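Labels run A, B, C, D, E and F following the written order; every chain starts at residue 1.
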Amino acid sequence: MVEESQKLSFHPASPPGCKIELPSRNICLDIMQQLRSVMFPGYFRLSEFSDDGMVFHVGAILDRVAIDLQEQIRRGFCFECAGDGNLEHCTTRAETITRAFVDKIPDVMGLLAADVQAAYDGDPAAKSPGETIFCYPGIFAITNHRIAHELFKLGVPVIPRIISENAHSVSGIDIHPGARIGRSFFIDHGTGVVIGETAVIGDRVRIYQGVTLGAKSFPLDENGNPVKGIDRHPVIEDDVVIYAGATILGRITVGARSVIGGNVWLTQSVPPDSSISQGKELKTGKKQQN
Amino acid sequence: MVEESQKLSFHPASPPGCKIELPSRNICLDIMQQLRSVMFPGYFRLSEFSDDGMVFHVGAILDRVAIDLQEQIRRGFCFECAGDGNLEHCTTRAETITRAFVDKIPDVMGLLAADVQAAYDGDPAAKSPGETIFCYPGIFAITNHRIAHELFKLGVPVIPRIISENAHSVSGIDIHPGARIGRSFFIDHGTGVVIGETAVIGDRVRIYQGVTLGAKSFPLDENGNPVKGIDRHPVIEDDVVIYAGATILGRITVGARSVIGGNVWLTQSVPPDSSISQGKELKTGKKQQN
Amino acid sequence: MVEESQKLSFHPASPPGCKIELPSRNICLDIMQQLRSVMFPGYFRLSEFSDDGMVFHVGAILDRVAIDLQEQIRRGFCFECAGDGNLEHCTTRAETITRAFVDKIPDVMGLLAADVQAAYDGDPAAKSPGETIFCYPGIFAITNHRIAHELFKLGVPVIPRIISENAHSVSGIDIHPGARIGRSFFIDHGTGVVIGETAVIGDRVRIYQGVTLGAKSFPLDENGNPVKGIDRHPVIEDDVVIYAGATILGRITVGARSVIGGNVWLTQSVPPDSSISQGKELKTGKKQQN
Amino acid sequence: MVEESQKLSFHPASPPGCKIELPSRNICLDIMQQLRSVMFPGYFRLSEFSDDGMVFHVGAILDRVAIDLQEQIRRGFCFECAGDGNLEHCTTRAETITRAFVDKIPDVMGLLAADVQAAYDGDPAAKSPGETIFCYPGIFAITNHRIAHELFKLGVPVIPRIISENAHSVSGIDIHPGARIGRSFFIDHGTGVVIGETAVIGDRVRIYQGVTLGAKSFPLDENGNPVKGIDRHPVIEDDVVIYAGATILGRITVGARSVIGGNVWLTQSVPPDSSISQGKELKTGKKQQN
Amino acid sequence: MVEESQKLSFHPASPPGCKIELPSRNICLDIMQQLRSVMFPGYFRLSEFSDDGMVFHVGAILDRVAIDLQEQIRRGFCFECAGDGNLEHCTTRAETITRAFVDKIPDVMGLLAADVQAAYDGDPAAKSPGETIFCYPGIFAITNHRIAHELFKLGVPVIPRIISENAHSVSGIDIHPGARIGRSFFIDHGTGVVIGETAVIGDRVRIYQGVTLGAKSFPLDENGNPVKGIDRHPVIEDDVVIYAGATILGRITVGARSVIGGNVWLTQSVPPDSSISQGKELKTGKKQQN
Amino acid sequence: MVEESQKLSFHPASPPGCKIELPSRNICLDIMQQLRSVMFPGYFRLSEFSDDGMVFHVGAILDRVAIDLQEQIRRGFCFECAGDGNLEHCTTRAETITRAFVDKIPDVMGLLAADVQAAYDGDPAAKSPGETIFCYPGIFAITNHRIAHELFKLGVPVIPRIISENAHSVSGIDIHPGARIGRSFFIDHGTGVVIGETAVIGDRVRIYQGVTLGAKSFPLDENGNPVKGIDRHPVIEDDVVIYAGATILGRITVGARSVIGGNVWLTQSVPPDSSISQGKELKTGKKQQN
């Protein structure tokens, strides 16, 4: 009984014309793969082409990405407001957003360049920046995040989440598309990292596997439902290092240059230059490294 | 020397006729993909077809699933009892089981409908039930589990494990096919969750990443080998919430409506309505949320 | 500005002739798949062939693996020393290494045979060694590791890392190719396991999900950069068991036959036959099992 | 100069909205493949399914064919009247035509059944009707033709031609979609056969490789352009046999039961029961056979 | 009505157990592709492997071909005698035939070597034997024929026809699998060539496009059906050349070293060293060449 | 014995370094497909892209074609002069030729534009130039020919033949890459057309299926081998029409504006404005049309 009604609710209550308009996970992931090849032209696909031809290849990829992405965004709107029926409006909005996104690509490339450098500098085992692009799950995850975040800021539904869940599946790193992350960010190993929707992370922050930047609690409205849109995740200031397994909960602030030790459970703000540890061995200036 | 003998033991001691009978991981995963499209007809593949044609598509998929699944089950038996040689018996058994499984599909659809609703209700960030079907690793994992569990109950070898390990690889959530899980179950984020074979979970339970429902110890028989078939994992009653990183070990009971805090280490039963926390901040009615 | 220069550094400063020489992740992973079918001939692909033909199939696969691997190794050198230009030298070196690697394959097969047996013996839920080959993430990860480790010892750049990161992505188990691991090693569940580059693990060691064998700290040189090549990860002696979530940091030694309990945080050496636990329930001879 | 302008004319003068609307050859050929599996359910793909499930598979295929075909027909209209811009009208028309076509499928199946029987009866080398379905280029060509002809009669542009040219490429048999062909038609060998647009062929006709049913000449209008829509190809009455290499030109009639010998050049009508030969060996009742 | 019954006759009257046993055209063509790579190891696929490894690759291909071919042959029997139900007998017969076929492969390689040499010698435009292997439709067709003919002689149903029709489709050359063709045979251009089932061709024969070696007439039995198994196609003796478009019909003999001119229509035997032409220009020793 | 030695000669006598250097048929055909999409941007693949992006897509395709083609040409030289060992020389030559070829592409586009127009004008059944691009085997064949001919003129080995044989297989039209063909050329139906290496065809020529422009005879040198490099195929002047099945042999000239009737056998030159027919019906100004 209940099942029957629920089952029906799976199917977006769409008018026939909207029937085939759900976004395609595969196409979204192909778009990400195309963007990755543009972001790191020496590493994915494009490496085989000539210098002279590079401008054409990048142009061609971006043109195709724009066409595909616009269609997926349009479908994303259809997915959200299924039944609204204002097909034309969706198309126009998708077009505007796609253009705005494409304009942001150079900025994203700049941010990723700094992330790669941070990974190379931060891991003594890294032999070259190239190795981090090729092999590091942290670079995979932050690439997906920076793109998903731009789409999130532009109000695109569903697709940012598809992109971030792809990174989650591949790397074990779960960053909500809404999280604001500064320059030169580095996640090492990464499995089990969770970064919540309203988290704010400064520049040159470094975190290790199993770190949670979560919410501690949230106020309920009169109906017992959580109040939406409240900042409920931590603020991590510049140059902070957070070691493996640390759990940081709630809208607290970790002051600049602080070091949070492995497995630490932290629910209160700490001032800049703090050194918090579960045991006693960890001191500022020394670093745990796996 | 030793290697040589061991190496040989890799190869199931099969009679020639059984040579080509190992189950195919790829076909098992394709069957899962087909079933997913039937479970959530608006979301995977089937979305592109007409309403009139839907009954044919679902019927055609289920017919093909039944044929493929029966063959894989038959191979699974061959895998297990390699050398028994009673090919005909295996075939008959596979046919009976496949029919029983197909009969269970509507029930599984009902359970999944409730799981999707639970995910939507449980995560304030979720915009629609559809988004959870499309993007949430917890929904991916529970879908695989509910199907694997039906096959497990029917005595199918190997294949339930292939299905659950696929979910493990994709989502980082490791649920043994034997675990009994009630209605409206929701796992958020999910990476690192481990749920053991004899765990029992009630209705409307919610758990977060890194939670372990494991065994604490198990008695050995006279040969020093673990005694099989003993209930060794926790019982989680209705409406319990377990926050990230909590470890619950042994055949203990977590009473209904209890809240287990993040990183808690629990090896003793707790009565209904308990609130267990590592720190002091967490109280009943408030909720940690990432 | 900064971005621009950084961006350029993404692209290996290669002479035109080296343009197309980056290793291919897909080919490396295909090589792994081929090797897996040789390592476990009854389980991947080869199961369908005749006994008489097996020697041809194995020979053909190994010949193809050798050709592909040699090319990838050559590209790996090109990747590392981009611009050195000594193409011929790279080719010769790649050829020598490939031969040395192929000679090691029988040894690796012997080690994997023992690992499979350990998984079967160590998990009461395992129905047959075959099931562990087919389904267990721990067997997937150790297969990749044993091959990556041989390549690492032979000085191959990048490729061992591609192989180990593939295991990381699929299984959630992150083993640095440099780690030295003894016979009959078993990782259960595995998500979140991290094993560092200079870790040394004895024979018959068993570890569970979420275990870290990491570095605690490392000395800096006069420029503030970490000194490379220092042994900074734990030594785990024979027959040790380490339960889920334990964190063991630094160049300490865990003595033979010790049992490290779940979620333990350990930064000091412990003598043989120790039993370390967070709570008090765990004693030697009893075992936690999920 | 001239080239430039011509080049531009390649590109249909389409409004931006019609840009992506050209039919897809690959999809048209996939539709043909799907229809073939429905027409001959024992031979292409469907053979692997259960009897119980067959109705679902056929229904599912036809539903998918209808969706794909409607889209291709719509594009076909766009292709023809590029620039007309009445998108909605095209869609409606495509829908109506697709329905009419689907209604004709049972008739086409009946015709093809008779063609298969004719091939089996007509070639002493044929071991079973099944062999002709599986192997005979003549059956391939007539299957494509009967479907293309239905679409042609419904006024579908381009797509009938794509279908008939596919048969031409595969079998060397070139039948214009407009040709009207009776029951139990058989083409043996087939390479080089050409049947023109206004040809009319009766029941139980048999022709061999290299036969041309062409136009001899056609009147020009005042501008020197050929007048369209004139019947200019032969009428072949019931039970005629035409041997290899015969050329029959113009709107002439070959009377029922006539036999036209190999390499004969015929531009005048012949009465029923005629026997026309290049040499003298061929008489009614004897038959050339390759 | 009639259609309905005919339609049913499409479906081989098979018992349920034989349902999925029809041969697969795609697998048959893949077998051909595999055999081609063995026949011409420098040209198809195998070119990329090492000399040392070649024996393994050839062995592996042949093992796989034997397994696949045996299955297809078994299905072929099932196809023919659908309903006979003697599954075991079919399997045994398929196994015996497959072995006999594999034993013939070296002979076929020898014949093809001579055909390639003949193509190279016979066409002044050919730059190397390799070019003929790579590009000449005549070599493609004769390769298919020589393999199909071996299977035909062994009594394999359907599959020889599938192989020969594949050559027909690709090259426009239609050789019945039953035709007996001597050494060093060369077909130039080839489109439209038809060679009938009982044709016999000597050594070093050369023919051009559009040549038919057909049957002129055949006696009917008391029921008006053609009598089967009668030699009804020409015998072409050694060193004959037949130019484009010539039609040779009936069980006649073209004597050794004869030259048959373009478009000649021949239905009577000619003695050795004849020169037959439509016009008068062609004399022995001069050659038409395209 | 003989076989053995012949078999060995299949394998180009290549030094080890040249082992993997044979051209790839598949890559050559992919290059053709890419070029087709550039030649007819509205029809193959490119139709889905934006006008703004078109320049990038065309540039990207041409860059990739140039890279792939250069490699295939290099391999073609290796194929021809196997064993010469001057690898560097081959590379340089391939590079020069590839550049020269790319420079010719605009000219080829101009020629194809005129051919498309000729097909549209020449066939009253053609609804639009687009339909001829999409469906007409004659356009397929002439596109391949015009590209193969440019490569032939540049001295590229093997690859022109691969391209022309592809057209032969698909369309049944066999044009040697060496044939010189003027502007606005149209082949209707096309099956069985053969145009020899030294044929010369003027502007606005139209030919039908089964037409041969072949060699009649050729002088032998003292060793009895044909003398190479002699003009031995017909010269067809401007505005000639040649109907189906006509055979024109030897270095004769068909004068401008002549009409050669169906099945005519012609071995002598004819003056301009001739009308040659087998029967009597055909006169200048009237046209046979299929």
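Keep this in mind: contacts are C-beta pairs under 8 Å (C-beta built on N, C-alpha and C of every residue); 3 or more make two chains touch, one makes a residue touch a chain.
From a predicted model like this one, the values you see are computed outputs, not experimental measurements.
Undergrad: Among the remaining chains, which ones contact both subunit C and subunit E?
TA: none
Undergrad: If you check the contacts of subunit A and subunit B, which chains show up for both?
TA: C
Undergrad: What's the fewest number of moves from subunit B to subunit D, given that each move must go to a chain touching the current one?
TA: Minimum number of steps from subunit B to subunit D: 1.
Undergrad: Give a one-word verdict, same or different, on whether subunit D and subunit F use largely identical residue numbers at their interface, taking over half shared as same.
TA: Subunit D vs subunit F: different; shared/all numbers falls short of half.
Undergrad: Can you name the chain that lies farthest from subunit E, using the mean of each chain's Cα atoms as its centre?
TA: Max centre-to-centre separation from subunit E belongs to A.
Undergrad: From the centre of subunit B, which other chain's Cα mean sits the farthest off?
TA: The most distant chain relative to subunit B turns out to be F.
Undergrad: Calculate how many whole Å lie between the centre of subunit A and the centre of subunit D, each centre taken as the average of the chain's C-alpha atoms.
TA: About 55 Å separates the centre of subunit A from that of subunit D.
Undergrad: Just the number, please: Cα centre separation of subunit A and subunit E in whole Å.
TA: Between these chains, centre-to-centre, one finds 61 Å.
Undergrad: If you average the CA atoms of subunit D and of subunit E, how many Å lie between those two points?
TA: One centre to the other, that is 28 Å.
Undergrad: Return the distance between the CA-based centres of subunit A and subunit F, expressed in whole Å.
TA: Here subunit A and subunit F have centroids separated by 53 Å.
Undergrad: Going by the contact rule already set, what residues in subunit E reach two or more other chains?
TA: 48, 50, 172, 191-192, 210
Undergrad: Check the chains against each other and report every pair that touches.
TA: The set of touching chain pairs is A-B, A-C, A-F, B-C, B-D, C-E, D-E, D-F, E-F.
Undergrad: Looking at the complex, which residues from subunit D come into contact with subunit E?
TA: Residues in contact with subunit E: 40-43, 47-48, 50-51, 106-107, 109-111, 113-114, 116-117, 124-125, 127-131, 133-137, 170-172, 189, 191-192, 209-210, 244-245, 262-263, 278-279, 281-282, 286-290.
Undergrad: How about subunit B: which of its residues touch subunit D in the complex?
TA: Result: residues 48-50, 52-53, 55-64, 66-67 of subunit B touch subunit D.
Undergrad: If you look only at subunit F, which of its residues touch subunit E in the complex?
TA: 2-4, 6-7, 9-12, 16, 19-20, 22-23, 25, 79-80, 157-158, 161-162, 165, 168-169, 172, 174, 176, 191-192, 194, 196-197, 210, 212-218, 220, 225-226, 228, 232-233, 247, 249, 265, 267
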